[in-house]
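Structures for review follow.
Below are two complexes that have chain A in common, paired first with chain B and then with chain C.
This part shows the complex of A and B:
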């Protein structure tokens, strides 16, 4: 049974390893995956712990449905206190690692301490071994995975690893698996590096018994039909996620030249269709692949077609790489996007943070805040493809003043650079923004301002707000499973009703993260994709747990509150520009200058924005300062946290 | 309830509204449905006058590849000059 999977507690300082089962009471309260990780992090760390110290807990997990008969249950989740933000660290990736971990007997690993020398964990059918990793330290992410397979003489081993960026404690280093599956954002690879932990390798052949296998398979057919018939997923399966960047750039929702423009014009060479041509030219017509148990297949495969890296194989690029190495630095070459994507994959570094922070440095260079002295002679102008790629490497290896400075993340870098550099840093809670520009979309602005891990689109973004859906359709979606009779608006530039949409999406995304399902299989980009009403059957047939849509909602709300409690404990306050639920002044002061007519001139209205925050807090049961009210904690069964149930 | 197989969820019922052969204008406040000629590489919105390049994901599924840059830049510049004039007027 999925419910048999255990938690392992591993202390790398002492070598002590303990395991425990997960009580049903805990499952019913937190389900698994990200939600249970949040509970574990809150319970196994203390206020103010050093993110790079031995007392920080790195938690690795799969969801409740991982490796069952349910679709797209490939997601691995990673959580710790973030070295980038000093708040909640949370990262999620697809691939094949989490199912292998589940087959090896575990759903959650809680890793504390610090090994004296580089090590990796080998988890095999209930056994956990700490192994020497000195011979693989220094290798890239793919080299590391191959070396572990060779050493264990088992090509079926699946590993999550860090690359040189994690070893060098770049504060936005990723944990990776496969070629490009990246647990990006908030620097979980840096935490792993701080523990001298190079990899976690898993191999398992322990069956997961399905509670009602015939029904589970039959219901999954209906699920698959629903998922694969969605237009958005058919496009994803052809062009991959780059189609999102292309569509967003078309109307003017892509930030360019750091934050100066909201559209990358004449960018035909980095449009998804051009990327797709290159994939087809270098890998043939069947170049799309997918993660475990997924029918969408949004992952393109390619070889770099020309230049110094010609012939190098990689996967993606995701829309985040198009923004990071295309729109934001105003570089319009497909080759640059593909090489940039390749470098961050191999280094194990967050593409989004990397591209954003370099684009910020480019604007500082343009303003004269950074000079050639700071860049060791590099011309860090916008549109300089070579300088962009050079900076990727300098950051990974902390080369020179600027490489070393940027590797510490935006806030620390701004404190070192000074001269009003912080004013130009497009971040929330210390994490740089996605490549999207939210000045014309208040709902999306609220989403990035309040997301628990810092500026982020995968924690509460109501992306369907951009589709101009009729109000009755919005009501059908957003009134389930909890009745909602407040206002809703089809207009993406409106402020009314958006706080409820963000609150609903926050809970929807938390629920899929608890279950271990990919967000492309829920109400993220498509209005016809599964959500609360569809999950009870999946859960029941696969695990035997009976939960109503309302109960799943309650779990999601509770888990979001636990994340909030962690952030409050570590210093989050409402209006703090570095640790709060607010936005850079440029959102309020600088108008959009490009794109569709109705986007031109748009800024976020500060007063209305604050009202949205108030409403959002009210829905979450927070006071005016964003702190959970005592009655909220009581209602959600959290008044005695930390409660140490596991 | 968890095992009730008869009722359709909101997502399932909304699937019936799926359209074929059409795209929506990317001007977010227009969002008119545009019907490109089969196989054509270009479509103009009759309502807001924005122009788009079309890409066919499959013969039934057109997608906007991006704007016709020169046309849409001109529209944006006109709109921006109106916006800037109104801001000067505010002062």
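This part shows the complex of A and C:
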């Protein structure tokens, strides 16, 4: 049964390993995955712990439904205090690691301490071994995975690993599995590196009994049909996430030259169709990869067509990489996007943060805040592809003043660089924003300002807000499973009703993260995809747990509150520009210069923005400062946290 | 029932490597999720994005049938498959070692050999494979499709050769 999967507590300082089962009561309160990770993190770390010290807990998990007979349950989740933000660190990835971990008997690993020398964990059918990793230290993410398979003489082993960036404590180093699946954000790879932990390798052949196999099987088919019949997923399955590049750019939602423009003029040059064209010789016919048991298959495959990396295989580039190595640094070549994507995949660092922080440095270079002295002679001008790729490597290996400085993340770098550099940094809570521009979309602006892990589009973004759906349709979606009779607006430039949409999405995404399902299988990019009312049966047929849509909603709300409690404990305050629920002044002060007629000239209205925050806090049961009210904690069963149930 | 000519056609170029076929095979047959219970397996070369599903070819002159010391394996012409009679099988695994495709598996949990039974004529891996890397088709159709694809390749190659000569 999924329910008999365990938690392992691993101390890398002492080598002590303990395991415990997960009581049903805990499941019903937190379900699993990210929600239970948040509970574990809050319970197993102390206020003010050093993110890179032995007391930080790195938590690795699969969801409740991982590897059951449900669609796309490939997601693994990683949580720790973030070395990038000093607040909640949290990242999620697909691939094949989480199912293997579940077949090996575990749903959650709580890793504390620090190994004396490089090690990796080998988890095999209920057994956990700490193994020497000195021979693989220094290797890239894929080399590491293949070396572990060779060492264990088992090609079926699935590992999540860090690359050189994690070893070098780049504060936005990620954790990766496969070719490009990345738990990208908040520097989880940096935490792993700080523990001298190179990889976690899993191999399992333990049965996961399905509670009601016949029903689960047929319901899964229905679910898959619902998911694959959505046009958005069909497009995603042929082009990958870059399918939104052209549309987003056309209305003016793509930041270029850091934050100077909101549309790039050469978008076609880095479209997926263009990438197919240049990769035709090396890669052959267009092809996609899928994560475990997923029929959306959104990962494009490519081989770099020319240059020093010619012939190297990789996957993606995602929409994020188009911005990170294309729009934001104003580099106009598809080849650069492919190489940049390949470098961060191999180094194990967040593509978004990397591209964004270099673009910021480019703007500082243009303004004269950074000079050639700071860049060791590098011409860090916008549009200099070579300089962009050179900086990726310098950051990974902390080479030179600027490489080393940027490797510490935007806020620390801005403190070192000084001279108003912080004013140009497009971040929230210390984490840089996706290349999207939210000045014309208040709902999306509220989303990035309040996301629990810092600026982020995968925590609460009502992406369907851009579709101008009729109010009737919006109401059907957003008044379930909890009644909502407040205002809703089809207009994406409006402020009305958006705080409820963000609140609803926050809970929707938390629920899928607890279940271990991919966001492309819920109300993210498609309005017809499964949500609360569809999950009770999947949960029941696969695990036997009976939950109503309202109960799942309650779990999601509770887990979001736990994340809030963690952030408040670690210093989040409402208006703090570095640790708060607010945006860089440029969102309020600099109007959009390009895009659709209803976008040009737009800024975020500060007053209306604050009203949205107030409303959002009210829905979450927070006081004016963003702190959970005592009655909220009581209602959600959280008044005695940390309660140490597991 | 008439003997069937239908075969499981694997078009690996379409495979995305998601392994849903493995999951549904295991759950359909055993009610449990576990890749060792699957009769089909996707072999992967992840470093070049190559994924090839492997399953029983239901051979006409099957080495597993020929090798079985107790005659536990036979052909079922109605379903077009090779099947194991577990009443007779002694679990010696000769079939596992002689199968040229590695398609006879040993399930170490139940201690028995397992192989594709085409789900009695309605293969569930085919039903779930949205990209149609797996299809259940008449064997004559398979060769027609293959001929067509090969002919197209020849035609493209011919055009390229002409272009080269013209240079």
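Here, the second predicted complex is superposed on the first by the 638 of 646 C-alpha atoms of A that agree within 3 Å, B and C clash if a C-alpha of one lies under 4 Å from a C-alpha of the other, contacts with A are read in each partner's own complex, and residues count from 1 in each chain.
In this section, a contact is a pair of C-beta atoms (placed from the backbone, for glycine too) under 8 Å apart; a residue touches a chain by one contact, two chains touch by 3 or more.
This one's a predicted model, so the numbers in the text were calculated from it and none came from an experiment.
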Review point. Clash or fit: how do chain B and chain C relate after the overlay on chain A?
Key: fit
Exercise for review: Once the structures are superposed on A, label A:239 by its partner contacts, choosing first (chain B), second (chain C), both or neither.
Suggested key: first
Review point. Given the touch rule stated above, what does A:627 touch, chain B (first), chain C (second), both, or neither?
Key: neither
Practice item. Look at A:287 in the shared chain and tell me whether it touches chain B only, chain C only, both, or neither; answer first, second, both or neither. Key: second
Check your understanding: If you stack the two complexes on chain A, which partner ends up touching A:482: first (chain B), second (chain C), both, or neither?
Key -> neither
Review point. What is the contact status of A:594 with respect to chain B (first) and chain C (second): first, second, both, or neither?
Key: first
Review point. Which one hits more chain A residues, chain B or chain C?
Key: B
Study note, to complete from the structure: Rounded to whole Å, the nearest C-alpha atoms of chain B and chain C in the superposition sit apart by 14
**Study point:** chain A residues touching chain B - in the complex, by the definition given at the top
**Key:** 215, 219, 226, 229-231, 234-235, 238-239, 243, 246-247, 249-252, 265-268, 271, 273, 440, 466-468, 473, 476-477, 480, 491-493, 523, 527-531, 533-534, 536-537, 539-541, 546-548, 591, 593-601
**Study point:** Sites on chain B touched by chain A in the complex
**Key:** 1-3, 5, 9-15, 17-18, 24, 26-31, 48, 50, 52, 55, 57-58, 61, 63-67, 69, 72-73, 75-76, 79-80, 83
Review point. Any idea which chain A residues touch chain C in the complex?
Key: 67-69, 96, 103, 142, 146, 156, 178-179, 205-210, 213-214, 216-217, 220-221, 224, 228, 285, 287-295, 297, 301, 313, 315
Review point. What residues on chain C touch chain A, complex-wise?
Key: 13, 16-20, 23-24, 27-28, 30-37, 46-49, 51, 108-109, 124, 127-128, 130-131
